[in-house]
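Here come two complexes built around chain A, the first alongside chain B, the second alongside chain C.
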Partner chain A sequence: MLVALGAAALVTFPYWSAPWASRFATTLLRDALILAIFALSLDLLVGRAGMPSLGHAAFFGGGAYAAGIAGQQLATDQLPVTLGAAALVGAVLALVIGVLVVRSEGIFFLMLTLALAQIVFAIAFQWTAVTGGSNGLSGIGRPMLASIDFSSPDLMYVLVAVTFVLAALVVWGLARSPYGRALIGVRENERRMRALGYDTARLRLSAFVIAGTIAGIAGALSAYSTRFVSAQDAGLGNSVRAFVTVLVGGAGTLGGPIVGSAVVSLIERVVPSILPTDLRISEALLGLVFIGFVLFARQGMAGLGRSAWLRVSRR
Partner chain B sequence: MIEIRDLRRVFGGVVALDGVTLSLGEGERRAVIGPNGAGKTTLINALAGETTPTGGTIRLGGQDITRLRPWQRARLGLAHVFQRTELFAPLSARDNVALAVAARRGPYRLFRAVPRAEYAEAAAVLERVGLAGREGVAARALSHGERRQLELAVALAQRPHVLLLDEPTAGMSPLETARITELIAGLDRALTILIVEHDMDVVFRLADRVTVLHEGRVIADGTAADVRGDVRVHDVYLGKAVTVA
Partner chain C sequence: MSPELVFQQALNGLSFGALLFILASGLSLVFGMMDVVNLAHGAFYMLGAYVALSVVQATGSFWLALLVAPFALGLLGFVLEPLLLRRLRGRHLDQVLLTIGVSLVIVDVIGQVWGREVRSLSAPAGLDGSVTLIGGVYPVYRLFVMAFGVALAAAMGIVYRRTRIGMLIRAGVQDAEMLGALGVDTNRLFASTFAAGAALAGLAGVIAAPVFGVQPGMDTDPGLLYSLVVVVVGGLGTLSGAVAGSVLVGPADTFGKVLFQDVALAVIFAIVALVLLLRPTGLLGRIRIAR
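So, the complex of A and B:
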């Protein structure tokens, strides 16, 4: 009930906040929610299944390009077509990369995901005829759903917020299901899972495809919102950004990636706006925050919140 | 139930299994004994699929399983209690067993809560192995003896046809050992059990037949009474370890 009210308040934010909040607040929240969807999908791998992927931007970028290119090539702005193309490309890329990586572990897994995602980035950067190469893909249209036109900033926000709520519901539903618990089993002891009769390589691959699909959808939302796709969307920087978001928020929790995306967005967008323009420290600040969490709070914001709650409730 | 023919396993230059031939009937309880390095754990690991044999064949219920992966063998009804405990450390005892219960129905059940029946079944198995009241404790917070009990509970929850036990009482107190021995003795007689064990009291309490391994070869194979009387067995193993009446 409380969650439903919160979701409704979130989706309608631009309308009730209009008297006191600026347009900037809606844009900021929109971008934070896109990052949250992206981070939620990565956390299925990092937090639940114990697969620290450094290549998740390949699926985000793939989805962003797919939405943009499908719209331009098919001359359509219908949401089911462009968003469907993004989800499909995210899923297929994740299937291809997943097949190559799911049998490796630890540092090898990390490096393999990084290397394979860099190949996707290189293709995006060099295949100028299709992707626009280093210029990026510009002039992407805002989508339509039947006759609903999402071209106004407020409606674009609503589309992002609704998708975010749906993505969070999907991840929550997966986490509490037998499937979600099996992923945790793979994370904690893959050998035991195999001895119990679980085909763990297939389990990991399925998680990869689900996560890639959701990341592709996040990429499409980014393309609609900014009306632009850059090769950097598929680059290492974007992968690291999602990874930092998950770890700062708290891996393996539903709230963690959401809180993490709020923190990262504030540091990236709000801090530079209150500091002098020649002082560009937001990336350095993000790095420091990340190091702080890795050293002192491995469980992220979610873990800090939980231990604070335990301390209060014990009194 | 199990037919092992001329099984070989070589690690680098070390021959761990040097042509082992062994067969177990359905419902048979077989102990494999032998000094350290005799190849007992290698034999169990080859049966479970953790180790790929260099040569020879393994059949389970007539089917050749020599090249099957561990998870495929588990699906055919093989359960493995590891020598070194393999559990889900931060998960509760109940969740550890529930994952074994759920394995029979497969993991691809999305978007609904874990059925209560699976937890109820897990609790029942935990009670059977003597862990009633410890359901909510994380595996890593259990004592060594309790972890071995939990390891057995996980294997039983798979409802196997064949149970491979690699030193189930290792590191247990005499009291815990006696309890777990009686628990295994009381299991369904239709269950085929292969047990590797150093404690001769446990071996002679549980086993119908005993196989003695030495340097990767079977040097004796017979009823418990036969093996007690075998001179070669005394030379390599029994005489040093225990006094036999």
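So, the complex of A and C:
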């Protein structure tokens, strides 16, 4: 009930906030929600299945390009087609990379996802005929559902917020399902899970593909929001951004990736507007915050909140 | 392709391979000793190139830069290891995550200090010309890179096998904990190893600058990406693995770029995939990267 009310408030934000909030707030929240979808999908791997992927941007970027290119090549602006293409490309890329990486763990998993995802970036960056190469892909169509055009800022926000709510429900549902429990089992003790008769490689691969699919959809929303796809969307920087978001928020928690995306958006978008314009150090700031969390609060904001709550409730 | 072109590209590939060896050997050394994949290795490489840029601007001497940049990076590594990594000793994955943060900070600080434009560094006098080889002229500097890589590999091989430092490194790679139990100061050993890895990255940055330029993004490509590919293909933590990986990846990448242009990285992808499927330890490694 509370969740439903919260979701309704979130989705209608531009309409009730109009008297006091600026357009900037809607845009900021929209981009934070796209990051949150992206981070939620990554947390399925990092937090649940214990698969520290540093290549998640390949699927985000793949989805962004897929939505843009499908719209142009198929001459359609219909969201079911373009978002479907984004989800499909995210899934297929995740399947191809996943087959190679699910046999690795820990540091090796991280290295391999990084290296293989960077190849997706390089193809996006170099294959100018299809992706626009270093110029990026512009001329993204309008997001249309039947005859409704979602390209106005307010409706674009609503589209993102609705997708976010759906994605959160899917991820949370998966996390609580027997499937989600099995993923945690794989993280905690893979050998025992195998002994119990689980096909752990298949479990890990399926998680990788699901996460890739959702990341692809997040990428498509980003493409529609900015009307542009840059090769950087598929690059290491974006993978790192998602990873930092998950860890700062708290890996393996329901709310962590969402809190993390708020923190990261704040650092990326709000802090630079306070600092002098010739000081562009938001990445460095993000790096320092990340180092701080890894050293002193590995459980992220969610962990900090939980221990603060325990301290208060024990009194 | 004409035979002359094949020959030229083979030279290009080998000189790229030599550079990759300088770059990847540091990553491999740190991993071998500390079980940490330093994801700031590309940022160290980039910083080495920019420090060289400043040294050359201030003094005009490339050779001085070749000394100063690795030294500066070594110092940075020597400070960073106790400051950050040591706090999480034993938690290897978290240590790797720390290096991601370090990389973000270094790359942004470079952008702030040196600017975000593409810069260039010319080869030092005497090496900036070209020579006539079979079928055409060839830049001397690329031959120098090749010779430098081979000399470094040989020197490292001698240090590994014939010196006390090399003995400590080999013992540490086998079992650092046992080495500590035998009375070796592992804190100093780890800090020195991390410093040496950073210095090698800085060295690679200087050597690469006249050929591959000095620009934003070099921390990832070629920096981190190629050094990871080399150690995955060659095998982690061994000197011979770094040699094998470089000699294979350098030419493969160069010919890939000539033959397939737009999708050249698919060649690297294919090599990584093939190695992972057929030899999960890499060609000459001891550690299984995949099951």
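Everything below uses one rule, namely that the second predicted complex is superposed on the first by the 315 of 315 C-alpha atoms of A that agree within 3 Å, B and C clash if a C-alpha of one lies under 4 Å from a C-alpha of the other, contacts with A are read in each partner's own complex, and residues count from 1 in each chain.
The criterion applied here is as follows: contacts are C-beta pairs under 8 Å (C-beta built on N, C-alpha and C of every residue); 3 or more make two chains touch, one makes a residue touch a chain.
Nothing here was measured: the structure is a model prediction, and the numbers come from that model.
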Per the overlay, which chain contacts more chain A residues, chain B or chain C?
C
Quick check for you: in the superposed arrangement, does A:Leu45 touch first (chain B), second (chain C), both or neither?
neither
Using the superposition on chain A described above, determine whether A:Phe243 touches chain B (first), chain C (second), both, or neither.
second
Output check: A:Gly197 vs chain B and chain C. Expected answer is one of first, second, both, neither. What do you get?
first
Who does A:Leu114 touch here: chain B (first), chain C (second), both, or neither?
second
For A:Leu295 in the superposed arrangement: first (chain B), second (chain C), both or neither?
second
Have a look at where A:Ile184 lands relative to chain B and chain C in the superposition and call it first, second, both or neither.
first
Listed in rising order, the residues of chain A that touch chain B in the complex are 170, 173-174, 176-179, 181-182, 184-185, 188-189, 191-200, 203, 206
As the complex stands, chain C meets chain A at residues 35-37, 39, 84, 87-88, 92-94, 96-98, 100-105, 107-109, 111-112, 220-221, 224-225, 228-229, 232, 261-266, 268-269, 272-273, 276-277, 280, 289-291
Note: in the complex, chain A contacts chain C through residues 52, 54, 100-101, 103-104, 106-108, 110-112, 114-116, 118-119, 122-123, 126-129, 235-236, 240, 243-244, 247, 279-284, 286-288, 290-291, 294-295, 298
Any idea which chain B residues touch chain A in the complex?
48, 50, 69-71, 74-75, 79-80, 82, 86-91, 95, 98-100, 102-105, 107-115, 118, 154, 158
